[in-house]
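Got some structures for you, see below.
One chain, chain A, links the two complexes that follow: it is found with chain B in the first and with chain C in the second.
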Partner chain A sequence: MSSVYVLHGLRPWLIQRISAVYMALFVVYIVVTLAMAGDTGYQQWHDWLFHPVNVVAVGLFVIALLLHAWIGMRDIILDYVHNTLLRMVAFTLVIVVLISSGLWSAKLLLLSVAM
Partner chain B sequence: MKFRIYRYNPDADKKPYMQDFELADPEPGMMLLAALLKIKDTIDESLSFRRSCGEGVCGSDGMNINGINGLACVTPLASLKQPIEIRPLPGLPVVRDLIVDMDQFWQNYRDVKPYLIVNDPMPEVELPQTPQQREQLDGLYECILCACCSTQCPSFWWNPDKYLGPAALLQASRFIEDSRDQATEERLAALEGPFKLFRCHSIMNCVQVCPKGLNPTRAINNIKKMMVKRSL
Partner chain C sequence: MYVQLSSHTRRYAGTAIKDTKLTDKRPVYLNLFKIRLPTTGIVSFAHRVSGALLFLAIPLCVYLLDRSVSSEQAFEQSVRFMQHPVMQITLLILVWSLVHHFLAGIRYLLLDFDIAVEKASSNISAWTVLIAELLIMLAYVGIVLL
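What follows is the complex of A and B.
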């Protein structure tokens, strides 16, 4: 059973906290960036995202968000879903949604770099 | 003074019900336990609850009072909104009326090995501590194991057999912090994993209800911090 509790005990707890701090800083960065932006539009957005610092920052944000979401959903499922089969289904659904969101985000980021 | 009290006698009742009682002119400064005893003496002798010392030391009369766990013997009647609704501690099986089956609670307490583990040969005299080392145990050793905290904790309600609960974890901390104990590594290792310790989401119900004013959430966080330090 323990293999389904991906990441185990202390590690997810730590990752949850570190990812929360990173996401909070990232949100501040985004808000400040938007507030200081003059013209907004596709070209400006694309130039912003094309900047290597921002590609890395957004990429890290996506990773932090996915890990944070996984740990949060895992905690809710461990707390409330006690039937083994239902729990497996719930875990699988969450993992599928999160991994596909991750792949989709990776595709967008890589395309923005390639363009 | 109006009371609504949870009644359940598994031999006679199909399911639990709430019974209303009215007590004429309570004495000033009366505690809830005294009122319950008066109801038992004068109205219904079948009303069942645990109590012993009557002064917040033994921890026998933990119950759910107007939705919040506490010890009846140190809860002044004057502080309670009427009708005073009294139920058994939530999350544990009811034996009868306000008496719950504490087996799971004691099992979790046993699980943290609540005793000093010393591997060195025992000295002929006592194991000394400096005053500073002794201070580390303040806020931990005072626990009377009344179960008010663990049975107010949703994580304990959902997984009582897997999550140890605030009372047992406070005791785990009490022995992890003890300078004389030599099993710190084993104790920390035993708490690893998604359930035993890490079902705590720091909602602090335990801190809110502890009749001794202790802070299990802080004790749990100290264990987590120690685990982080060891893992680095």
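What follows is the complex of A and C.
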């Protein structure tokens, strides 16, 4: 049964905190950037996002977010969904949402590098 | 002393109690109207709710990110899409979720370092989170609406 939790023991606890710290710093970076950007349009936004530094920063953020969201949603499901079948369905839905979102963001970040 | 238990601890503690046959005959009476969740409990539950809402927002965010960089027209389109009243309310809820999850999350990280673990200080930190997020939300609404 424990294998279905994918991550268990101390490791998810640690991943949850490391990803939280990275994402908190990233959010501060975004808020400060937005506050200083003023009234800008498509081109500035495009150039900002596809700057190599930001591609890496956003890429790391996506990875941190997916891990953090998985551990958080897994804990919520374990606490409130007790039926094994429903639990599997919920886990699967969460994983599908997270992996497809991850692949989609990887595609749009990496295409910018290829162009 | 109020001890923060992880959902793991609660889960395993729950299983251990359930396993003893005595608990099945124990009378359970919970008058939910008489139980007032302590401030720390409110912050904790809101951390869960905001986390779940942020999870639900991930696909929307990726979609908007993709649209916003695909072309100038798509960018303008997504800006207009987000100006729709329904999306403005959605955004307000998501901004609250992010602000609460961020502040309550910092509180948890401090608790992990044994900072503000005692009942009195953990109450103060919980109130600090609630007041700070109220101020940030007022500032956000002020900037957006004015």
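Just so it is clear, the second predicted complex is superposed on the first by the 113 of 115 C-alpha atoms of A that agree within 3 Å, B and C clash if a C-alpha of one lies under 4 Å from a C-alpha of the other, contacts with A are read in each partner's own complex, and residues count from 1 in each chain.
Just so we're on the same page, contacts are C-beta pairs under 8 Å (C-beta built on N, C-alpha and C of every residue); 3 or more make two chains touch, one makes a residue touch a chain.
Please read these numbers as outputs of a predicted model, since none were measured by experiment.
After overlaying the two complexes on the shared chain, residue contacts for A:24 are found with chain C alone; chain B is out of touch.
Taking chain A as the reference, the larger set of touched residues comes from C, when chain B and chain C are compared. Of the two partner chains placed by the overlay, neither chain B nor chain C lies in contact with A:51.
Of the two partner chains, chain B is the only one touched by A:14; chain C is not.
In the superposition on chain A, contact of A:104 is made with chain C only, not with chain B. Residue contacts after overlaying the shared chain place A:42 against chain C, while chain B stays out of touching range. Once chain A of one complex is fitted onto chain A of the other, the partner contacts of A:94 are limited to chain C, with no touch recorded for chain B. By the touch criterion stated above, A:69 is placed in contact with chain C alone, chain B being left untouched.
Across the two superposed structures, the residue set of chain A contacted by chain B and also by chain C is 13, 75, 78-79.
Of all residues in chain B, only 154-155, 158-159, 191-199, 201, 224, 227-228, 231 touch chain A in the complex they form. Those residues of chain A that touch chain C in the complex are listed here as 13, 17, 20-21, 24, 27, 41-43, 45-46, 49-50, 65, 69, 72-73, 75-76, 78-79, 94, 97-98, 100-101, 104-105, 108, 112.
Of all residues in chain C, only 6-8, 10-11, 48, 51-52, 54-55, 58-59, 62, 65-66, 68-69, 72, 75-76, 98, 102, 105-106, 109, 112 touch chain A in the complex they form. Those residues of chain A whose C-beta lies close enough to touch chain B in the complex are 2, 5, 8-10, 12-14, 74-75, 78-80, 82.
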